[in-house]
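Below is one structure, written out as structure tokens, with a few remarks after it.
Each chain gets a letter, A, B, C, D, E and F, in the order it is written, and its residues are counted from 1.
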Amino acid sequence: MSAEAAERRSPGRSFETLRVTPERDHVLHVELHRPEKRNAMNVAFWREMVECFQDISQDTSCRAVVISGAGKIFTAGIDLMEMGSDFLMVEGEDMARKAWNLRRKICEYQETFSVLEKCPKPVIAAVHGACIGAGIDLISACDIRYCTQDAWFQVKEVDIGLAADVGTLQRLPKIMGSQSLVNELAFTARKMMAPEAQSSGLVSRVFADKETLLQGALEVAATIAARSPVAVQGTKVNLIYSRDHPVSEGLRYVATWNMSMLQTEDILKSAQAAMEKKGPEDIPFSKLHCPTWPL
Amino acid sequence: MSAEAAERRSPGRSFETLRVTPERDHVLHVELHRPEKRNAMNVAFWREMVECFQDISQDTSCRAVVISGAGKIFTAGIDLMEMGSDFLMVEGEDMARKAWNLRRKICEYQETFSVLEKCPKPVIAAVHGACIGAGIDLISACDIRYCTQDAWFQVKEVDIGLAADVGTLQRLPKIMGSQSLVNELAFTARKMMAPEAQSSGLVSRVFADKETLLQGALEVAATIAARSPVAVQGTKVNLIYSRDHPVSEGLRYVATWNMSMLQTEDILKSAQAAMEKKGPEDIPFSKLHCPTWPL
Amino acid sequence: MSAEAAERRSPGRSFETLRVTPERDHVLHVELHRPEKRNAMNVAFWREMVECFQDISQDTSCRAVVISGAGKIFTAGIDLMEMGSDFLMVEGEDMARKAWNLRRKICEYQETFSVLEKCPKPVIAAVHGACIGAGIDLISACDIRYCTQDAWFQVKEVDIGLAADVGTLQRLPKIMGSQSLVNELAFTARKMMAPEAQSSGLVSRVFADKETLLQGALEVAATIAARSPVAVQGTKVNLIYSRDHPVSEGLRYVATWNMSMLQTEDILKSAQAAMEKKGPEDIPFSKLHCPTWPL
Amino acid sequence: MSAEAAERRSPGRSFETLRVTPERDHVLHVELHRPEKRNAMNVAFWREMVECFQDISQDTSCRAVVISGAGKIFTAGIDLMEMGSDFLMVEGEDMARKAWNLRRKICEYQETFSVLEKCPKPVIAAVHGACIGAGIDLISACDIRYCTQDAWFQVKEVDIGLAADVGTLQRLPKIMGSQSLVNELAFTARKMMAPEAQSSGLVSRVFADKETLLQGALEVAATIAARSPVAVQGTKVNLIYSRDHPVSEGLRYVATWNMSMLQTEDILKSAQAAMEKKGPEDIPFSKLHCPTWPL
Amino acid sequence: MSAEAAERRSPGRSFETLRVTPERDHVLHVELHRPEKRNAMNVAFWREMVECFQDISQDTSCRAVVISGAGKIFTAGIDLMEMGSDFLMVEGEDMARKAWNLRRKICEYQETFSVLEKCPKPVIAAVHGACIGAGIDLISACDIRYCTQDAWFQVKEVDIGLAADVGTLQRLPKIMGSQSLVNELAFTARKMMAPEAQSSGLVSRVFADKETLLQGALEVAATIAARSPVAVQGTKVNLIYSRDHPVSEGLRYVATWNMSMLQTEDILKSAQAAMEKKGPEDIPFSKLHCPTWPL
Amino acid sequence: MSAEAAERRSPGRSFETLRVTPERDHVLHVELHRPEKRNAMNVAFWREMVECFQDISQDTSCRAVVISGAGKIFTAGIDLMEMGSDFLMVEGEDMARKAWNLRRKICEYQETFSVLEKCPKPVIAAVHGACIGAGIDLISACDIRYCTQDAWFQVKEVDIGLAADVGTLQRLPKIMGSQSLVNELAFTARKMMAPEAQSSGLVSRVFADKETLLQGALEVAATIAARSPVAVQGTKVNLIYSRDHPVSEGLRYVATWNMSMLQTEDILKSAQAAMEKKGPEDIPFSKLHCPTWPL
């Protein structure tokens, strides 16, 4: 699908399980929005997340995203009522064929959260109440994590008989500062409260309640959105590249990346603004047309 | 050696330097057991650790392990009296031949702790008193680390003129949340006390004394052991894989892993138990026959 | 250039932007030394850092380094007045040729800080006041980081329209214990104060003021310098190797490294000293001739 | 899009630039089909290849593919008349924004050929006449390459001022047995005739003319299609994995892959057929539902 | 098991399926020796290969190995009569537990051929008649491959419904000069005759008949065995390392390897012999004690 | 050293062991030039190669290089008379310190040939007579290899008691199409004649004699030099990157590389020339300022 087609389609898009609201300049607020089901992730959700972030990736007016949960908690994780049979009753005429089918589904589910990482705009997760099971997979793929004082987190998968396979086990060890704690959480499915989430580095700020949380997250998003999209999105691309490569490879890649990006007018604009004692907010950066998702 | 042979041999096995005690359901307690020598690691120890965890890997009745030290401290590290000559008087008719011999020994010693990582059952290190030198190598290869308030840790190798070569330098940077601290410890051989061990993520819990430490560690082990061994051991396999690979490779591997593991009956059993408001403790999971060690 | 030639050249070398002072046994103190310009990094600095650490790498009398800033702050980062045009007015007859030129410059700038990592002697950064922009790139490439209570840190690059390309984005995620915080700092350019720097693992100690900071850093440097250079420098080589490789590769490398290094006399000397209740300070280790830089 | 939806859409699909014909059992023949334009690759082609192989990936009745060119030659490569402006007149308000746009286009073009690799069914390229420029990128992504005696090959990109960026430089060195020849072809854009293509391993068979070529390719395709799709497609997955990983990683991956695939009924069916002296052609293998593309 | 114990055990060892004969100086000839079963690989074989090469690895009097087949052909591959049930009737109470058991078996089988690669002494495969199925896995793990004019090779696995999982798919692409041919062989299970095996690089020499083949292989083995074992075995270690790593990593590893190995007396002995116009055959190299297998 | 300084220094540079001659447009001919010593590589050579290719990397008038040997053979390899003591009598007060010194030397020697790979201009090796020992390391680092009918090649290192450590073992397996042959050559030190060198892919053309060899090599160099330096040198950078990375990483890198390089005017110039039926020879490409070596 061409970039133009995608952009055309975007404005009129509405979702069953998500609510997307423009906030301040260049900031979008995405809410998990099945509050009556504690934002449990049903069939529609797994598809809509991909569509939603496909749109956002290409929406040149958006430069930062906050993701939160509507209602009492962030999310209860996968909707086992609706989704359980997906895994319990898989098609296929023998074990091997069932395995191919299961693998396809796992890969699709992984993609639902990997879109957060492939989207070049920074994504801030704002967690209140509880974040359970697949919710951990979701926030692990976000760039920044904040929460409320009463929030708790639970890697739930072992309790239902499986190893987490849509991101938690892959990303958590590279996100948190204590491998011992990561392992403990993954093996025991115990709850972790906000203070431990902060001291272990899972979240980088704790707020008093949901209101101040959202206000804080949106302010940080606005701060990010005010800066050069060439700088910010190039930073995201390279931070993720660096996480997955040796330092020498990371240095080589950013040099190759920046040999074009340093030719941007944003640097001159930023330098001039700085000399005139203006902040980045006052600089009219050009739109950055982002990659057709998936990259 | 066949799996059956190994399992036959296991029950009657006794060790000079280790004491293995069954605790609660599916939990083994392994004690470093040369209290009169501060659990210093002598020739027998390096061999027995391998045999012990070879047995444990294949013991289908064991699902989690706690490792602690008998006596006053966890371990004083390598027994230089008994082992020193191993490195100081190496055989070989020229430098190159000595080097081959040394390399062989280093690899054997590395294996003594890598068995902890290759064992698919989670291993919890419970440290009291002191953990010195090779003790750090040992606990770095465990999955979870707890300690007492009075515990201290010391990367001792530079004090005896060598770079640590059986795991500390390789695993510590991937375990703790401050590379600056890891480096400081490794370059200076200074002691680190329990609070700093916790704030830096080396240990994920601190207990008042040895008794509560063991009680706590065994409870966590029991919590783990109550869950599906397919889920827990698959989680360990994938957490270790993820530590050593980029996120995209980790995702691909777990998809390939789970295309068979999601066909387990443990998921259905767990789901049914959850609907009946039972905990995992009440589910009769089948035995999981583990890989012949070494994998 | 031969090692001998380099060593000859070293003693008489003096720098415009750096001041190098011998401190205690085997310790060098390198000061960023343009205090009237807040130690901003100008053209001379980028070249002199390389020359300075080339000398230090080969200076067999040096075994540990402390790097600090003269005057009120550690460093204000790149000297935009003097350096800005380097990036704003790059030569080349078309975009591609400009890109080659920019890439060359980026690689040269990267090298200015990579020398800290390639130098086999441990380098301790002692930060007071402020550490801004390229200052973060610099300290990220050091082995140990300390700071004063009033120190603050700022990843500044997005504010001037670019993704950081001389080390911050590559090394920070592997140094700190919270990826969420790393991302927040890099996307927002906000200041981080000393306590957060410590709790997140960027620095491993905080001191009351600059004087105690320098005293503390030099003491740790002296502690390191008193130990076997074969042990300490082999430890640095292997810690950096381990950061960038899977554990299994790190183990293989250190085994290959130590098959020669364990044949050092330093082990026997250290063992004998230990038996005689002497500390490493009392052992006369032989000089270790270090690699011609660049390695 | 769900697998079912895709499969529904497939039968009615027709292409402007491709012709897809069922041949023998389970074999599809895909022709590049703009003979009047020497099968030059225009805008429609780049999109249709993706759609076509998306369909084929999911078409459970297809087990092997032959790709050839209609008319006088295999392909003249990219249609510069129609596509040239794509690269010469790229949108974007400054160099950096143009670069983001170009990167997006390159990635899309890369995907056009990567689909051949992501399709789990083996793809045989049957080249007659000439295969130029992007044609080399295309056949490099196929599994097997055959050609006619009069065929020639040309890595054309340097002649139009660019480094090949849709697969040739990435895959050719891993396909052919002489890196010296690969480099020579890429630097000089000279033609390589069929005999050199065979002796260097680019093609594994040479046929007298187009008719025997197609007959030969279809026969091999039929041979492949007669075998267990679980075996054949698992073989493709693992051959590609092995190309890109060390041997030890390749062995670990195939063990994890086969722990489910060896539970297929195809092995028992194959074993029984062998005992009854039947060939694989006579075994009624079940359909293998393939991954929704993109994987 | 200690090195000494292993060496003691070695001389008296005899095998059911292998025959080991000392040939010339420092050369061992290992024959697959079930001629009446076309050297099909039964249960005993899979175990004995490991034991045999464990002995050889530690046998300091052996410096090179030739492996051939007794009777009419090299090997018919796996003994399906005896081994088939191993895969068709795997134990385990559910799919997941069967998968763990299968994975363990696959890993054990992989080890049977990986021992050839882990043995630091060069191994030459001398193939006559036919080399089928697991025979390809075996010779792929050897260092050098020769064959007779009438020899043929067959990657047989797809014919019995599975993807080859003990080395062929992992090693063949890195051994042969035509990926197209590798794929064709693996997908079709067709026979490849000696000339194509040679032109594609699978074998590096073709001999008239079995007698001249063995004579040729043993001569090359003797040539290798006459050279410094430090040089030859270090060469094998580094060739295998290089295959699996980027060039820069290969260079770094060999530098670290040779910093000890260049201190061997073998260099001086070789240099002196060269000045005295003697060949390596005349130099009395010291024994090189090899690593306890597995490394 | 700045790029300008280097370029200034270049014209007046003369070498003891090399002769550099401008040939045709944009082509340099580098001769190994100690014919009376069979171009044996002495102390001066190892340094001069680095200086020579440092100059060439920055010489914007040079776009391709041919390297050949003066006198009767290409090169006899290392000059053991002059260099032998370098390795036989290494300084250092104990084994470990000698090892550090040896490692430094090996790394320096490796660099002597790695410069050929780091130089972005294609380098063609033209081998006549013999190419022995370190000569193989040298040509392995070239991009294209040609030879005369009477040329022979010899991996000589095992004959003097060491594993080749300056490139042969690292690059040869990635250059030639038969791993079996590579291993045989490295283990036996036997001579390989021109026909086998060609059929195995080491060289891609064989010429009747030295005169036609040089003529042929210079013609190919001229063909390369006539093309866009942005295209050719970007091709070299990406071919080497691809050799050392998985295909997916190679694709990502070239997309990042070309997002700037496709903005070159060379594409438009090439397109226009093609429409006017001109060859690349007729296009006045701008100079491409190359990276200061080392990159």
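By definition in this document, contacts are C-beta pairs under 8 Å (C-beta built on N, C-alpha and C of every residue); 3 or more make two chains touch, one makes a residue touch a chain.
Everything quoted here is computed from the prediction, not taken from an experiment.
*Asks:* Mind checking chain C against chain E and telling me if their interface is mostly the same residue numbers on each side, over half, or mostly different?
*Replies:* Here the answer is same, because the shared fraction of interface numbers exceeds one half.
*Asks:* Between D-F, B-E or C-E, which repeats the contact pattern of A-D in over half of its pairs?
*Replies:* The pair repeating the interface of A-D is B-E.
*Asks:* Could you let me know which interface, B-E or A-F, is made of more C-beta pairs in contact?
*Replies:* B-E
*Asks:* Based only on mean CA positions, could you tell me how far chain C sits from chain D in angstrom?
*Replies:* The mean C-alpha positions of chain C and chain D differ by 49 Å.
*Asks:* What is the distance, in whole Å, between the centres of chain A and chain B, each centre taken as the mean of its C-alpha atoms?
*Replies:* 34
*Asks:* Could you grab the centroid distance between chain C and chain F? Build each centroid from C-alpha atoms only and quote it in angstrom.
*Replies:* 34
*Asks:* Can you list every residue of chain A that touches 2 or more other chains, as numbers and ranges?
*Replies:* Within chain A, the residues that touch at least two other chains are 95, 99-100, 103, 107, 174, 176-178, 199-201, 230, 243, 256-257, 259-264, 266.
*Asks:* Mind listing the chain D positions that touch chain F in their complex?
*Replies:* Contacts found on chain D: 80, 84, 87-88, 90, 95, 98-100, 102-103, 106-107, 110, 114, 117, 157-167, 169-171, 173-174, 176-184, 186-190, 199-201, 243-245.
*Asks:* Could you please specify the touching residues of chain C with respect to chain E in the complex?
*Replies:* Spelled out, the residues of chain C in touch with chain E are 253, 256-257, 259-260, 263.
*Asks:* Tell me, which parts of chain D touch chain E in their complex?
*Replies:* Chain D residues touching chain E: 122, 143-145, 174-178, 199-204, 220, 223-224, 227-228, 230-232, 234-239, 242-243, 246-248, 250-251, 254-264, 266-271, 274, 280.
*Asks:* Flag every residue of chain C that touches chain F in the complex, lowest number first.
*Replies:* 3, 91-97, 99-101, 103-104, 107-108, 230, 260-266, 286-292, 294-295
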